[in-house]
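First chain written, first letter: the chains are A, B, C, D, E and F, and each begins at residue 1.
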């Protein structure tokens, strides 16, 4: 596909947007991993929530 | 807000768990269609040539950066008026996403500006107010970062978000006015091509795709934030928990 | 003004005059910023005269915002803020009066110093008068807007820079109309009064929104 | 670098990056100052390009000086400074390392942000490179000079503005040579290297005088 | 933070709150003072002007002195006198002092015209206490009122507190020491589940 | 500030400094720590490396904790371990702990990886104390070491101090409470002319 004389600009803007989106996604996933790791570390030391996720839902 | 009934963070997490895969799939679908259309279906503009293809990401990004601020404004009202436990979680996790969309709008706009106007940046009303919006996003994020206590940070940020919401239109209009006073006529003002259906459709599809992306990311970020607060609460308990020694004596932290 | 308001105003004024001459530090910073710009821009007098009003306004903006960090923090640190919340006086008014006292102690000296600094920038008398007038009307708005930032950062040790960062976007409209009405007075064709009146209006709006927003933030900060 | 120096460097870096840290506030302030100037000066791109290097330098100067107020104060407030004085490490080196860490966390981001902000000011690539290079060499000098002010104001509550007022006069030579070597790179006829080398020399001088002066001031501040 | 806490206090009585370090005595007083938002429940004050929230009928005397070192002792006190709104309540006949009189009463009359920076910790504390004597308010909330006071001043403080009770005032005070007050009710705080105290409950 | 104050302390002995509030106990310790300049007189430490001033042989444990809330507990301690220069002295055989071991010993091992912001006042104090265990220095200067510590930690502290004395260390401590130390010498500070204490002496 020919994008004409300004192909560089077009590709750059799509590329930069893609990069931003990827950074956002990476942030979200790494953050999730970090928080879950922290939760697991705490759970390993016996510090857990009083009413964990998987228990009956109606209680809350 | 859609998740109004999901007041309880636990129930909210379950809701996210259920909805997220569908939303993600839908989002990818729209992106596939939208990108295909914007590169292969949409015609090139008779005036701008292929550069018009930048529009399919520029305009949705610009729309989304404003919508994101609206979401934050609503959440802030939720924080201040209804003291809803999820409201400041929502506002906090929307800020980086909004900043990212603003960044996209700025970058694509600048890259579009070079071929069209001959310069990456002019101090024109619309561009300037987007830049100010960007600074406001970053300021809010910093405020959240520097305050230790998330509840207090949430309230402070909510006040700032609301004041900023009042300020944005003022900036928009004042910059308009400021600009007409000084702006040399040489800088072209772009008023947008007459929207032709061939162009409109890809644009709308991309806009929906961007919106879906926002919701996916927002839900994921909110989930992280809830987990982070959980970690914080548990850590507090871990610190104050009696030392490994006999735990029987109910003895609070000294 | 009722007597409690007067008492508060006097107290704040006394405090800023007695302690460490905070009034003076603001003016000195203003002076430092305004003198540093010619070093950067170069000694071209025409250029300086052209951007003179802008320099003065930017200097005043930074001096005002950066000088506000102790507005509520000092009172919070020694428990005064708690008592003020319990005193049975409308907190919005309290904030307004504190801002007024702060402006009298640190904003007014900036306005007085502006014509003097104008000489360094090669401003002619008309411009000087115009800038001073706009500063007189506009700096209260800056103080009131900065007060929002000050109340948001009241519990943080590192108030200064963050306060400025939060305050600058809110203060931009004031800056725009301040400079443009000064410019309008200098370059004849454009009417001076329009932007000047808008500037006044902005000050009035700030006098409403600033105290409400800061009072809200202060109430939340206390717990 | 010996291990204690590395430990200190890491600690300071961590502190400024983690929650409550300040690394990004400086850049944000820089961005805010640079954005605010066109609002004052007007959107004339030619004018902005002409004074662009000056704007960037002044923004960096203010961001650096104003961001230094907690350099020693945080350590004094919680008693860390006392322990550092007793630790048996040369205080001059301690100051130098703290400045290095501070510069890495807040000065380096300014240098990185400069080219981006250059776009807003319509700088061409050569000027952008020149300004960035001068900032890279010059901002350490600003940090080191600001450290003197930071150590002088360490026991005062109102650090920010006063620190800037103390620091600006000392930093003016750095500003002059910074801007003039950037200008020299842009306008061909003048040689770029002469002012640039002077700038480097100033940084080296600051690296000697700054730590000695602040260490002296800190020793006095402790009693 | 608190579970199932409820008490009623009638005119002329003092409530002494006791409990271990960090159990929440100060927090309870700050809640009564309206400085910490109530998560649930209500605070009511009967007999006062109806349009005022309960905490505007109260004086708070906490750990911090709210003394501005740059102002003179008298200026400090006079400011609080004019700034704090007095309140009336049925059955409360608290007698008021002039600023100078209050300072004399607390034994710091001779420092009236000195900058407050020259006061020692105990003297600052007494200056802060004199605030309660120059504006009439029926409720006194006092957080460890005897801290930093020597024996003499402590006796003086007790007589002031008893005087306030006699004129129909209320006192709520948190303390670790024994206070010889006229009509005392004691509230002993105990940890329900110590580990869960400071948690942000919504998220767990 | 002090008149005619002189004392000698031999290996393995503790000096307990007592006296009324504001008499100058903390100031004496800070002078020994080299934090306040000496107006006259001399401080000598025999048996250490000769090129070091006396205060570089000492650990100072004062009112302030020097704990950075943003760093984890372990990071805090490890920093002080690498930063503080250890010193050797004849006859001093103080045993060193690893950071983790010191934390365990003081009962805050379970918080090692938490940010120090989560610690309570007493826990912060113990973290600050653990500093003394990871770098060997023969002199410990301790200003009211028991403040904010509960009974258990106080006993622990005493055993640590006695251990330090046994290995040939010196301790100088200011305190209001009774400390059960092994070899104690007491220095009771009394006001010479109470009124003249805090005056700028050159002008009198």
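Just a few scattered comments:
Keep this in mind: a residue touches a chain if its C-beta (ideal position, glycine included) is under 8 Å from a C-beta of that chain, and two chains touch if they have at least 3 such contacts.
Note that the structure is a prediction, hence the values are computed from the model and not measured.
In this structure chain C contacts its sequence twin chain D using mostly the same residue numbers, the overlap exceeding half.
Chain centres were defined as the mean of their Cα atoms; on that basis the chain farthest from chain F turns out to be B. Across the two candidate interfaces, A-B and B-F, the one carrying more C-beta contacts is A-B.
For the pair chain B and chain E, the distance between mean C-alpha positions equals 47 Å. Annotation: 37 Å between the Cα-based centres of chain D and chain F. Between chain B and chain D the centroid-to-centroid distance comes to 32 Å (mean Cα coordinates, whole Å). The set of chain E residues that touch two or more partner chains comprises 21-22, 196, 204.
Residue positions of chain D touching 2 or more other chains: 19-22, 25, 28, 32, 35, 39, 42. Annotation for chain A: residues touching 2 or more other chains are 45, 49, 51. Chain D makes touch with chain C in their complex at residues 22, 25-26, 28-29, 32-33, 35-37, 39-42, 47, 50-51, 53-55, 57-58, 61-63, 66-67, 69-70, 74, 77, 156-162, 164-165, 168-169, 172, 175-176, 179, 183. Interface of chain D with chain F (complex): residues 3-4, 6-8, 11, 14-15, 18-21, 78-80, 82-89, 222-223.
Remark: chain B residues 80, 132, 135-136, 138-139, 142-143, 146-147, 152, 155-156, 159-160, 162-164, 166-167, 170-171, 174-175, 177-178, 181 touch chain C in the complex. Across the complex, chain C is touched by residues 30, 33-37, 52, 55-56, 58-60, 62-68, 70-71, 75, 78-80, 82-85, 87, 131 of chain E.
Residues 148, 152-153, 155-156, 158, 162, 165-166, 168-170, 172-173, 176-177, 180, 183-184, 190, 198, 209, 213, 216-217, 220-221 of chain C are the ones that touch chain B when the two sit in their complex.
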